[in-house]
């Protein structure tokens, strides 16, 4: 049996677990458990990305989703309650309507998507093929994605880095990491 | 100096493990250059921080430690089978115990190796470190044999600095 | 051989699902941390087996990253619950002492 | 049959054996985490997975690995798990202990499922 046939069953298992974790995140009231479940959700997502051959996305998802955002959410939990309040009963149906409509639109769009791994799909056909052919001649970097991000779109990546850095600074100022130490020192003095 | 050289050797080995074919093939000078630069920067930084010593680059203890890991592997297999027998019974029947284990290791590394070894063998977990020993939680009565702990302590002490227990 | 690797991967996924059940059930916070940590270990193993199954090495790098992140996240969560804060108080203090000593010279 | 073929078969047999036994340990550890009655006892069951189960599976994969680089990376992952798992387990146990969660030291009788629920230690 071909391994591509086998891995799709693993995909089903991973997606089933993703669904279960998603429902648990919605249902649980203990915010701490929710933070840990979002970390687990990122781990599962990244495992699924690996099986879809999107290794670089999986790398980012594991580092950002499971690593940094878990820590940031814990920092945010310092400033808020440990338990979430149950939502009012009346609001459920409107939200469900919006979610159902968005889901139906997504399902409606599925037939227009290119087949998984299709070499003729728009993402692979035009510029993508040029990149794949040009990278070995232009830059001596083995990974095409890295070459595109850090060389062909270098300024774009620089802008992204600036945005992410200032966002991280803003979050740190908001959450106030390290203020505890300052307060303790002032108390000692 | 010895520790600096061994740190460099470890970093080179790590770089080759993680990007071996690209670096060794010679087709990608950028990758090789980045590797050389990052290794040099790391070594220079650690030198400037003055943390290159026996504790951060434990090459001296590493050799007796590997021999110790061989013995520890046998212990891990034995206690794994014991725990497996306990938890695969149709009816769970365990009698957990909290016991104090005396720890008379000479060095902090020895203490650390001993505590980690206790945790690493299933059935016993170091819960707390106190002044003169560890507080150990054991899954069942059969895991709390003092002679076993004493042997593990002596061996981890020997492994951490290469001397026999007793000649301090 | 391929099929056996596939079976091991399925087994890992089943073990992950069992850990998820413990994560949902709790009942205490430490049960959840333990389950999340163990889930991470099993995800690492799943990725390793998966990389052997499809013959791609890249998944091993992801598994390495996971093993690191899993450890750091577990320690971060526990530190948070021990000190009610994310800063590493002790390390900061000793670092500051060392720096002060350095500058006085 | 040539020597290379015999080596090939031996390698495959070792790999299959190691991975199958490792799988048994991982699944047993997971069921143990589900079945054991108290947080401190569950910790031991998780340890079964982290030590022997993980290392055996990694050993089986190393035997299957085609080149030295894959084997070295797998060995690195194994070393990392070997070094970090006891630290993480100890950190969890220590945090629970310091937070005042008492281990249930009674003899767990299978007849009383009511004993299985551990005390709420969340603060």
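To keep things simple, chains are lettered A, B, C and D as they appear, and every chain counts its residues starting from 1.
In this section, a contact is a pair of C-beta atoms (placed from the backbone, for glycine too) under 8 Å apart; a residue touches a chain by one contact, two chains touch by 3 or more.
Here the structure is a predicted model, which is why all the values come from computation and not from measurement.
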Of A-C and A-B, pair with higher C-beta contact tally: A-C
Chain nearest the global centroid, as defined over all protein CA atoms shown: C
Length of the line joining the C-alpha centres of chain A and chain D, rounded to whole Å: 28
Centroid distance [mean C-alpha coordinates] between chain B and chain A, Å: 34
Separation of mean Cα positions, chain D and chain B [Å, integer]: 17
Junction residues of chain B - those touching two or more other chains: 18
Residues of chain D whose C-beta touches two or more other chains: 29, 31, 43, 69, 73, 76, 85, 87, 89, 98
Footprint of chain D on chain C - complex, ascending: 1, 4-5, 7-8, 11-12, 14-15, 18-19, 21-22, 27-31, 33-35, 37-38, 41-42, 44-45, 48-49, 52, 57, 60-61, 63-64, 67-68, 70-71, 74-75, 78, 81-82
Residues of chain A defined as touching chain B within the complex: 139-142
Footprint of chain A on chain C - complex, ascending: 2-3, 6, 9-10, 13, 16-17, 20, 23-24, 26, 29, 32-33, 36, 39-40, 43, 46-47, 50-51, 53-56, 58-59, 61-62, 65-66, 69-70, 72-73, 76-77, 80, 84-87, 89, 92
Touching residues on chain B, where the partner in the complex is chain D: 14, 17-18, 20-21, 76-77, 80, 83-84, 87-88, 91-98, 115-117, 119-128, 135, 137, 139
Complex contact set, residues of chain D against chain B: 25, 28-29, 31-32, 35-38, 40-41, 43-45, 47-48, 51-52, 68-69, 72-73, 76, 82, 85-87, 89-90, 93-94, 97-98, 103-105, 107-110
